[in-house]
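In structure tokens below, several structures.
Next, two complexes with subunit A in common: one pairs it with subunit B, the other with subunit C.
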Partner chain A sequence: MKTKFTKFMAAALAAVMAFALAACGGGGSGEGGDAVLKIGSTGPLTGPAAIYGNAVKNGGQLAVDEINAANADGIQLSWQAEDDEHDPEKAVNAYNTLMDSGMQILVGPTTSAPAVAVAEKADADRVFTLTPSASQAAVTEGHDNVYQLCFNDPNQGTAAAQYILANMKDKKVGVIYQQNDYSQGIYEKFKAEYEGAGNKIVATEAFAKDDEKDFTAQLNSMKNAGADLVFVPIYYTPAANILTQADKMGYNPTFFGVDGMDGILTAENFDAKLAEGVMLLTPFVASAEDEATQKFVKAYVDAYGEEPNQFAADAYDCVYAIYNAFKETGLDASASTEEICDAMIKVFNGGFTSSGITGEEMKWNENGEVDKTPKACVIENGVYVQK
Partner chain B sequence: MNLLSNLISGLSLGSVYAIIALGYTMVYGISKMLNFAHGDVIMIGGYISFVMTVYLGMNGWVGLLIAIVTCTCLGVLIERLAYRPLRGTGSLAVLITAIGVSYFLQNVALLIWGANPKMFTSLFDGVKALRLAGGKLVVSPESLFTIAANIIVMIVLTLFVNKTKAGKAMRAVSEDNGAAQLMGINVNQSISLTFAIGSGLAAVAGVLMCSAYPVLTPTTGSMPGIKAFTAAVFGGIGSIPGAMIGGLILGIIEIFARAYVSTELADAIVFACLIIVLLVKPTGLLGKKVSEKV
Partner chain C sequence: MADRILKTISTRGLKNAVRGSEYKREALISYGILIIGYIVLQLGAVGGLIGRNLQGQFVPICVYVSLAVSLNLVVGISGELSLGHAGFMAVGCYSGVLMSRILLPHIGFEPAIVLVSMIFGAVLAALAGFVIGIPILGLRGDYLAIVTLAFGEIIVNLMNVIYFGFDKDGKLKFAFNHAIEDIENSDRIIAGAIGATGTKTMVTFTMGLLLCLFTVFVVLNLKNSKQGRAIMSIRDNRIAAESIGLNVRKYKLTAFVVSAALAGMAGTLYGLNFSTVAPTKFNFNTSVLILVFVVLGSVGNIWGGIIAASILTVLPEVFRQFADYRMLTYAIVLILVMIATYNPTIKARVKAVWTKINPVKKKDKDKGKDKKRKKSGKEVA
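This part shows the complex of A and B:
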């Protein structure tokens, strides 16, 4: 009996000591220049959404490696990505694991439902959080320390309106939206921005269900109103029906979609000719020809053997934004998580801008929403081409 | 011109509803059950035809034939395995089973073909649309054929039910199951035949629907199924011409509501019309009033 008790005590003591050591490490072990800024990330590395989490993991790692190799300012970063399986509960566990290993800044979570759960924890623990790709508006709501690098869902509407106003001002614009929170939210923001600038949407139509079949009435309404650009903030399944029927009617305006439209080319047996000339707002296109994108794509392909997607680019930009902002705080990597959080919030709210491959001159408002110049691409010969 | 163009859209959509509604109404007429899995048989028909034409490179019409045969077998099988054992246990049990079969079919399709939509190749791929009045009125070959098919199916079915021996047996079973059995009619066979015809029509409806509206997903059949069921009730469930008229009217109301009232309210208007018709004429437009004998 006695031996058992001592064994138990010894084990417990050992555990406490290990924990204490780990906690020490969290405060930053080294002094001065050789301290490492610990960035953590969570995302689905396994399961059906694994493609997103792994892209974030790899994209972030690539940026961290580049920054460390350049070693321009004596700031070294570390990158640790944990699996959350796109599950809010597991995401909180993954977050706790990261906190135990001394995370100072969180780049994540990758997907929205986990991000909403983790944002709550990160707010309580005062960890500065910049999510690459969790796009629901609820992710940043009510948290002064949580920021998004991607446009949130409704703000895609604002961005689309800005892009159309800047580049296609002469077009007569019609809208077909779906009656769900995603599409309706985008439509309302789009309308506010577009009509706020003194323009008029010539026709607005809606539909209710994902598996709605007949869109001829909506398309006739667009056609009769003379719309030559139709904004479709909807998912690609109904969009495929709309494109087919418009083609049959002999009506071919420019269709302009947002991220829900991404994927239209993956529908099996889809005739890419139907999507010819369709425009969509997407922050990143691997085939874009600008130098920064090409450099990133090449480095990514060399490192991981596959073409990066939007999520990888978002994470890459996140790490650079964190790095640039951290330089402005003037802090040392040995600073505590809370000090870093307060200083980063000040920088992010204080006119800080960061340029990357998903947007030039990105800046953030106090709600944590990003403001950047939207990029659009057009489908030509079955591939996305950056405009 | 716009009116005419909307009318053609409405007739074309309504014809799809009508062909589906025929399946509902025949099965209801003979076995007094609502076969809620009917919409999903349509979806299976669409997928079978897709596999035949796109994966195996067959001609669209051969694909259609194979889909009809497959769905006919499927319909008979469903009736034999899921509904026949429950016959005589009350309508609620059969209704719940039908909903179960519906989910079962959807999930099987999800397992086999996945959730990513497939784009159906139209039966009339490459056939030019008819352009009338200087291109102002465009009539697609899908619309024309769907409307024609609807009329042909209606006529053939009416003749079959009224003029043939098997049709006579079906009517007898529909009128009085027990008496028909006493007269030496094989009730099981008659019901199987009804399911076979209804499911074969479902395959036709599936292929026609997917030709006009090409996005094919495991839930493709569910909403048209519900609309067609509405059409069957609208026209008077159990009545073959009623299903056709109900389907056409429903399609036209739906398209006109979208075009002239509001796209947001279209479905609400369709179902409001159903409620009004049922309030005024509870048996539907062509439904027979059956008085209970004491």
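This part shows the complex of A and C:
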């Protein structure tokens, strides 16, 4: 019995070692030659943030399959997604794996910290990079080859101010923000854009802790200043507390959030009814009725059996943006990674626009930041409805 | 005189005294593995045999090897279970990164920056080890493990609210619990939950090797010194050690602080190898991972830890070909390896093969093994 077990163990270990050696030997091959444009992607496919990485993986795959099936311009794409566990160290490994298999363009990384680490490597290697969802400003900063498809954190503030100026100009606006990296950046840009247009924020209040419970002081300040729209560029957990306490006080302004507000409907110990009428900026609403969104949602549900989230939509748009830009470069898929990078940078900086489900006529500036019309939605009967 | 008594108390101390060659052998194997591994990998990289994926892991492997060796000092040689090693790594990483950013405009020679940052990281990590070690080293076994675990968590939480950066005049600014106001993104050094950001990467594989060699040098020399024998005798028989007037707390603290300082150096090297490091990197998982290296390499065995750390760092990357089943495969392999390493039948087989190759030392080796097994049996009971 024991010897059998031993033999089994020995065999299993030997097999593992053989695999290990075989895999170590690989790499360094596969660049150029074939006519497939190799797009790579990294994101957390395992671990607590896996929902984001898998959405990107699936959304990108869907777009690649559609483009290959249509075969409109003779350009064929390949799509390889690697796991980065939402860890910069592992993301660099994933990126190197993709480079080993001859990646020419990177759609990723999915999350911010890995993106900051990988952007530096991609810059040194001259790999054109378009991240679907890594929203920190530091991702693109200092790198001429790294672009974002999502609004970066501070620019959400600008986008929110533009939306409010365009659609709700006569509201009296107050702000409650959190003293953290995410919220503060958004607030500063919001203030610059909103007050730059000659309007005045009637009241501004801040808080520090994620688990802050008592917001009566901030809400009273808003109420006394007569604010009927409160901009809350914060995460949904404190936002849930704010909504609950405002309701108790009988204070009912329009609350306006950004992407951190996404998740409010499923916040713990929160009565989702209180979220009725809350507005938020979000790039993608699965229930939107336009044709492109409907088509994408249906294809995604057919392929993966679940409703796509914003990350899937971002990745889908990324692949189409890359495809459209690549057509404009006039290169074919056998071009080297560096050639593609230089040509793509020229196209992206040269007034190139791409339309998708997260925005019409998206265009990019030289810092790699996206410019697109922000989409706002309002929570009605427990679902997001696009405005 | 006391030293001789020590040697008699400690089983391993005794062995050292009788056979000084034990130390030489261990040192030879440890340095040998490091240097041969370095040469093979470097040649492979230059010759194009090794892909970018593995090349990118050279420095992380060195970091994990150093961490495993330094943790071995506490777990193997001092005999205390520490679950907060990543905390010291974090202190070293953050302080090293901070120092490198301060030095960067003034010093052009990068290895000098790395060296100074590493020393700074080691000093602060040692300080952290000292401050934490004083109150907790009176605890033993499970209690110490739990306290060190809590320490690791405290460090991660502190990292989440610490902000460092340069203001417009290039002056260093610090903020606690709120972001620094009015600061350019590129002037941020450490930004709360985002972590160390915008770090200039300047670490090479050679620096990694040097750190590994230094760590092994310090740990092996400490182990073979008078202090080392005192530490081991306290581990083996605390009452006997106290009875001859050894200051238990002092020696335990020495091991703990040296281990923390070495972990701090490894942390600095890690921080300077990536342009960003988030505080979540230093959570409980990393501490346990380092402990796994030590346990798999056999507690107290320096070169075993070196091999275990290298293989377990590379393994998850090798399994990328299994795609969705990657982490599952890794976990299963870990279980198999653990079972195999501690299976007496397999151990006996390996020993049989070893004695065939090396028949002269057979008797000697068997004696040592028996003694060791009896000893560990007693400890478990």
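Heads up, the rule we're going with is that the second predicted complex is superposed on the first by the 351 of 387 C-alpha atoms of A that agree within 3 Å, B and C clash if a C-alpha of one lies under 4 Å from a C-alpha of the other, contacts with A are read in each partner's own complex, and residues count from 1 in each chain.
Keep this in mind: contacts are C-beta pairs under 8 Å (C-beta built on N, C-alpha and C of every residue); 3 or more make two chains touch, one makes a residue touch a chain.
Predicted model only: the values in this text are computed from it and were never measured.
Look at A:K248: by the touch rule set out above, it reaches subunit B but stays clear of subunit C. Residue contacts after overlaying the shared chain place A:V116 against subunit C, while subunit B stays out of touching range. Within the superposed three-chain model, A:N71 lies out of touch with both subunit B and subunit C [touch as defined at top].
Between subunit B and subunit C, more residues of subunit A are touched by C. Of the two partner chains, subunit B and subunit C are each touched by A:A208.
Of the two partner chains placed by the overlay, neither subunit B nor subunit C lies in contact with A:N381. In the superposition on chain A, A:D100 makes contact with subunit C only, not with subunit B. In the superposition on chain A, A:S221 contacts subunit B only, with no contact to subunit C.
Of the two partner chains, subunit B is the only one that A:N269 touches; subunit C does not reach it. Residues 179, 208 of subunit A lie in contact with subunit B in one complex and with subunit C in the other. The residues of subunit A lying in touch with subunit B in their complex are 179, 205-214, 216-218, 220-221, 224, 236-238, 240-241, 244-245, 248-250, 266-271.
Put simply, subunit B touches subunit A in their complex at residues 2, 5-6, 9, 13, 50, 54, 116-121, 129, 131, 135, 138, 140, 142, 209, 212-215, 217, 219-220, 222-224, 254-255, 258-259, 263-264, 266-267. Remark: subunit A residues 2-3, 6, 9-10, 12-13, 16, 19-20, 23-28, 45-46, 82-83, 87-90, 92-97, 99-100, 112-113, 116-117, 119-120, 136-138, 141-142, 179-181, 184, 208 touch subunit C in the complex.
Those residues of subunit C lying in contact with subunit A across their complex are 48-57, 60, 177-179, 181, 185-186, 188, 191-195, 197-198, 201, 274-278, 281, 314-318, 320-321, 324, 326-327, 333, 336-337, 339-340, 343, 345-346, 349.
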